[in-house]
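Sending over a structure as structure tokens; questions will come in a sec.
Naming follows writing order (A, B, C, D, E and F), and every chain is counted from residue 1.
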Amino acid sequence: MKHFKNLAAGAVATLAAIAALAIEPALAQEAKPKLDSGDTAWMLTSTALVLLMTIPGLALFYGGMLRKKNVLSMLMQCFAVCCLMSVLWMVAGYSLAFAEGTPYVGGLGKMFLMGSSVGALNGTIPDILFMVFQMTFAIITPALIVGAFADRMKFSAMLWFTGIWMLVVYAPITHWVWGGGFLGSDGVLDFAGGTVVHINAGVAGLVACIMIGKRAGLGTESLAPHNLVLTVIGASLLWVGWFGFNAGSALAANGTAAMAMAVTQIATAAAALSWMAVEWMMRGKPSVLGLVSGAVGGLVAITPAAGFVAPIGALFIGLISGAACYWGATGLKKMCGYDDALDVFGIHGVGGIVGALLTGVFASKAIGGTAGLLEGNAAQVVTQAWGIVATVVYCAIASAIILKLIDLIIGLRVSDEAERDGLDLSLHGETVQ
Amino acid sequence: MKHFKNLAAGAVATLAAIAALAIEPALAQEAKPKLDSGDTAWMLTSTALVLLMTIPGLALFYGGMLRKKNVLSMLMQCFAVCCLMSVLWMVAGYSLAFAEGTPYVGGLGKMFLMGSSVGALNGTIPDILFMVFQMTFAIITPALIVGAFADRMKFSAMLWFTGIWMLVVYAPITHWVWGGGFLGSDGVLDFAGGTVVHINAGVAGLVACIMIGKRAGLGTESLAPHNLVLTVIGASLLWVGWFGFNAGSALAANGTAAMAMAVTQIATAAAALSWMAVEWMMRGKPSVLGLVSGAVGGLVAITPAAGFVAPIGALFIGLISGAACYWGATGLKKMCGYDDALDVFGIHGVGGIVGALLTGVFASKAIGGTAGLLEGNAAQVVTQAWGIVATVVYCAIASAIILKLIDLIIGLRVSDEAERDGLDLSLHGETVQ
Amino acid sequence: MKHFKNLAAGAVATLAAIAALAIEPALAQEAKPKLDSGDTAWMLTSTALVLLMTIPGLALFYGGMLRKKNVLSMLMQCFAVCCLMSVLWMVAGYSLAFAEGTPYVGGLGKMFLMGSSVGALNGTIPDILFMVFQMTFAIITPALIVGAFADRMKFSAMLWFTGIWMLVVYAPITHWVWGGGFLGSDGVLDFAGGTVVHINAGVAGLVACIMIGKRAGLGTESLAPHNLVLTVIGASLLWVGWFGFNAGSALAANGTAAMAMAVTQIATAAAALSWMAVEWMMRGKPSVLGLVSGAVGGLVAITPAAGFVAPIGALFIGLISGAACYWGATGLKKMCGYDDALDVFGIHGVGGIVGALLTGVFASKAIGGTAGLLEGNAAQVVTQAWGIVATVVYCAIASAIILKLIDLIIGLRVSDEAERDGLDLSLHGETVQ
Amino acid sequence: MKLIEAIIKPFKLDEVREALTRIGVQGLTVSEARGFGRQKGQKEIYRGAEYEISFLPKIRLEIAVPDELAGQVVETLRNSAATGQIGDGKIFVLDVVKAVRIRTGEEDNEAL
Amino acid sequence: MKLIEAIIKPFKLDEVREALTRIGVQGLTVSEARGFGRQKGQKEIYRGAEYEISFLPKIRLEIAVPDELAGQVVETLRNSAATGQIGDGKIFVLDVVKAVRIRTGEEDNEAL
Amino acid sequence: MKLIEAIIKPFKLDEVREALTRIGVQGLTVSEARGFGRQKGQKEIYRGAEYEISFLPKIRLEIAVPDELAGQVVETLRNSAATGQIGDGKIFVLDVVKAVRIRTGEEDNEAL
């Protein structure tokens, strides 16, 4: 019984962040909850789609941008992160994020998925399904980070870092926004994880790439991508999988999910064209890497907005974020001089921040129940900014501490020789012929 | 209110083409429409599956058949078409296809998705979901065309051509068949787009490859595919995604969708084996390119028939279309001497025509409500032929005019040097190592 | 009417194997069956996911581990098996597995899908959907086998072997367990095919690789994998697709499906980490091939258990099977000295046996209705062992006979020269550049 | 005998081979190479990072011929491989002390 | 010293290397090549388009050896690389004016 | 003229090229090679199957230079390519009978 209370509480809190659904499901909770097979079917599918984003989606998107001698190490890192987070999420992460607790972190009531059953519901879907859907988010977030320190981190250090980070940074922040924590209560809008997932990963990546230092040969040798075919496959699977990420965050197969899918498609396409256009003007040629990078930037930017904005709003969010991410991956990076190898901050950080703010601008009462700046509710932009600040500050500090400790204990960086020979051979004893 | 009328009208018209559903949903329209979460779940999934067909499916299927120096340009074209069509469909395409209008083209009432809402329904699914599902069709159709003029068209010309073509050719023809236009009213059967998508793309490809001329080196150098692994991945994703294309066209998760999936699987397998057998006999060896090409031919041929034929009918459609497409990609092409680089006409044109006619032959009253030749309704074959003729004539003329204009204004073809160096480097400044 | 009886009988029998559902659906059968659009949506999706496992999933997983000169032949084999089985399943396989018959094999009542209709149901989903879902299982099982005799079997012999094997070995064993046969009645638990699919394929692979002999150059030349990027893509798609395989085997979108998905995720992750850890200790380096092989081992092991065990049980099944499969692919193989090229027995055979037994250990009444050893029902382990023995014995003998006959009539093995030049060029006249 | 090594533009290979066959060259060996010289490459840009391609794709031919044929082969190479644009490549003629056909053991001119 | 260049069939590489090591060759360099000669390639067909493969995969070996060892190396190459079928390849022996070991600067025979 | 062939470690290529340009070398040709010698490779393990990598990746440079420049080029190669560790590679100097620039037909030193 007590368990069911936790559950209801947690669920209500989570759903609170999803204005579109706030009313009925919440009620549904009070009333006798009933499983909806259609909603369940969609959430089962969404879970598969979000897993597809990390393996092989993200792994290929990243791997193709590296030199041939490091491609397997990147696939290894993404795949290993997927496995490690699955286990850690079951052990404690889910509980820290979604068990009843303080406004700052969840409790330990759901460790090892204690009390999970076939019959328990979360709104109209099985509770265990909500757990595994959220697990796929806990997988991709740390996986996104590894792009920043590609080519140079020890595999063991990477496992320690991502594992601890998920428990200490990701799980609490998820609780803040979706688990009944203070950001959710403060009215921060984050439909599918612009703040929780992308700003979070972007900032952690930035901190990590600064602390580990630049790649050997940066500026002197060619670090050109060895096979953008892989990158395009990865970007495509990210796009397709993102439907599960955004439309799945409706936790139901309804109009909100459909609208989330539509605006995701529109914003992504607009962002890709926007990056392409800017690059075409500035560099004289449109590149496929630019096109797909823009698409990812658009996917990131629409993530917090998906359930809250109308198609027109999505079009603008896409156009703006595409150009913004281009700047993030080129101008900003040059300006500051850090070596964010695969532009985790440039795209996920910048895109996430732009998206979070624009959600406050374009939010439409008719779509998601909350009005934004354009509908006269300027306050929402401030609320969004507050969500960004809280996340950036906590994530930056915590990530830095974790990395520092690991560096002291086992060291973050591989030997120069290992880096030169390539991580595939030196760390994993394998090569691509 | 008026909007809802358009909607209902449009929806009814569309559904009319889908005999299996004609009755209940239509009624459902008159009565109070209610959202079905199961149908919605399946259509959300189908939309993701059809997007998967283009990116990365089609992009890889095509890219692997080219020389290494052009593979990125093909991925770029497919991905850019995906983005451009998404925006254009939202802006005007959807309206031209599905807004209330004349029997020849839709109106402008739905431009920029005006009046779209979270609550509006189309049958048992959200109206916005129908829009985005159809968007994925508007994406893949122009993308199919680019295979015909691979290796030699300017990227800018390609964008202009596909963009205009989608608005001027694809949207109206969609309206004819599914949007309440004259072909639908005439009783032409096209369950998932054999005419609208495949014949249409095949004919446009044929016209384009003739107008732009042959690839340099054709007949003198080796133009052998550089990596059929990509092509097999692409063909496989096309097959999987096609379940969304065909079974999704039922617009519901019901017996018709299930039957459409079953016949799709059977016809595709039979066509692949049929092409393989013919090639094995004629050439002495079965090739993987032949096998997957046959599969795609079968997918094309069963597309118009999916909701109308029984498994046995599908088996025959597959066996016939596999052999027909083999001829289309070899004998016919040699005979006429055009350079349809990736056999867009040979497979999608020929397969689409064969499929449209055989739909009239094998249609079964028990399955889709309409009898075909074998059940004594010879007239249906004539109706099918009428649908083919109308599409071929309009598409051929319109495509030729668009291409001619673009050629005059910016030119269709890249320089000889750019073609020789490969489009990856010359147009996009990138290479696969 | 009679047909409906068969149907009901067959369905009940099948479902009997799925304890979690035994009660309601069975009742549903007796009562007036009604289509559930949510369950149907999930089964349509699951069918697509399981197809994705074979093409391109398995094809890539296997192809990447071969030398470059044989990669296309592997893709060809997997794709051709997919096509051939689809047709044979429609013609007779489905009937032999699921039509009313003896406890040992199904009847011929459903040959050519006779009597299939849009309206007929199987539980809460269309009967034709159950047929095509099962078809995807009949596709992947023979496809799994080809990894064992990679690089050296004639393409024609491979077609004959897999085709006959599916009809003579796979279909009957499926009937035993899910089609109303004796193993099902004996209470053998096999939720998604640990015995039917994996032990079966593993044993057939072992027999085949022994009968055809070792690869030329084994031990003398390097047979190192040419491109593990493909293998990682394949493993990832296998994982994602496996959600359809395991959660889809609930035949509904309900709590059992959700729990099956959760335990699949947990066991797979644990097995991957387990293999990685063991390899890291024994070999000094964690390899990406090891990591993904462990994941596949975990997927295999959780397959029979998916609907029956709790998350904690899944964690242990994963940890144990990862290490067990590592031994199967290294120690065991070295010990016995057969050349199971891609460890079909080492991973699917060993993992399947371990999983089947552990299902008997960890089965939980609360989850799937049946108690296992840990809940005091030691007998279940014996029942599981009985299922394994019956399958191994029949499969081994029948496979050996089929192979012997084919060897006598057309010969199993390619010429030394063909093997040396690589099957891509010698059998299919194609190469990867 | 002489071993004639030529560095040419890749797209010229088929043309060169045919020209050589016409004058009776029975065999040759080619390998992929990358050349650095006067010809400048295009630059590649990836997310704002520019890479000058200083090494351009070339094909390296090796043709062993009897002394008397050497002059003609060089001439033919020149004519068939030239485009007149920078980067056409070079021809180097080396002395061969001995040649052997592995299959038969035939030596020197018989080996070619 | 002599630089011995051999064009052989790829699958013979390991065998050849072992044979050479046995007679005391300490090092060699190999590269991938494609050969044109008497041996004809299989043809590839893609959707009815036929391509004769006139260039077949070969391995190119370079072995620098002291003059006195040259004869024996050529002999060993012949025996270990021959299959007796067309396409076995060639051996070319060239004079080396000077050899240097980069690591130490040792010259000529000491460099090998 | 001389044809100078050098086998070096791949990651040294850019450094070597710059050093050579500095002393006035106008062009060179590189190709990928794999080397067998004293340097031993790491081993790869795939599901328990161990493979010693006996051939290590190397870069093969060819530089044709006038006789008078040869000494200096060899010197420069040594200095720029050396790491002091086993596997740095070799330099071989061969005589060139004749050189031709395909584009212009210029011969010998003018061709370089």
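Everything below uses one rule, namely that contacts are C-beta pairs under 8 Å (C-beta built on N, C-alpha and C of every residue); 3 or more make two chains touch, one makes a residue touch a chain.
Just so it is clear, the model here is predicted, and its values are computed rather than measured.
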item: Neighbouring chains shared between chain B and chain F, ordered by label; value: A, C, D, E
item: Third chains touching both chain F and chain C; value: A, E
item: Pair from A-D, B-D or A-F with over half of its contact pairs in common with C-F; value: A-D
item: Centroid distance [mean C-alpha coordinates] between chain E and chain C, Å; value: 47
item: Centre-to-centre distance between chain C and chain A (centres being mean Cα positions), rounded to whole Å; value: 33
item: Computed distance of Cα centres, chain E from chain D, in Å; value: 18
item: Residue numbers of chain C (touch at least two other chains); value: 36-39, 41-42, 45, 224-225, 233, 253, 283, 285, 287, 289, 429-430
item: Contacts with 2+ other chains: residues of chain F; value: 31-32, 44-46, 94-95
item: Each pair of chains that touches, named by its two labels; value: A-B, A-C, A-D, A-F, B-C, B-D, B-E, C-E, C-F, D-E, D-F, E-F
item: Of all residues in chain D, those that touch chain F in their complex; value: 2, 5-8, 31-38, 54-55, 58, 60, 74, 77-78, 81-95
item: Of all residues in chain D, those that touch chain E in their complex; value: 3, 17, 26-32, 62, 64, 94-103, 105, 111-112
item: Parts of chain B lying in touch with chain C, wherever the complex brings them together; value: 20, 36-39, 41-42, 45, 49, 68, 224-229, 232-233, 235-237, 239-240, 243-244, 247, 252-259, 261-262, 265-266, 268-270, 272-273, 276, 283, 285-289, 291-292, 295, 310-312, 315, 366-367
item: Touching residues (chain side chain C, partner chain F) in the complex; value: 65, 222-225, 283, 285, 287, 289-290, 293, 329-331, 333-334, 343, 346
item: Chain B contact footprint on chain D (complex, rising order); value: 11, 14, 42-46
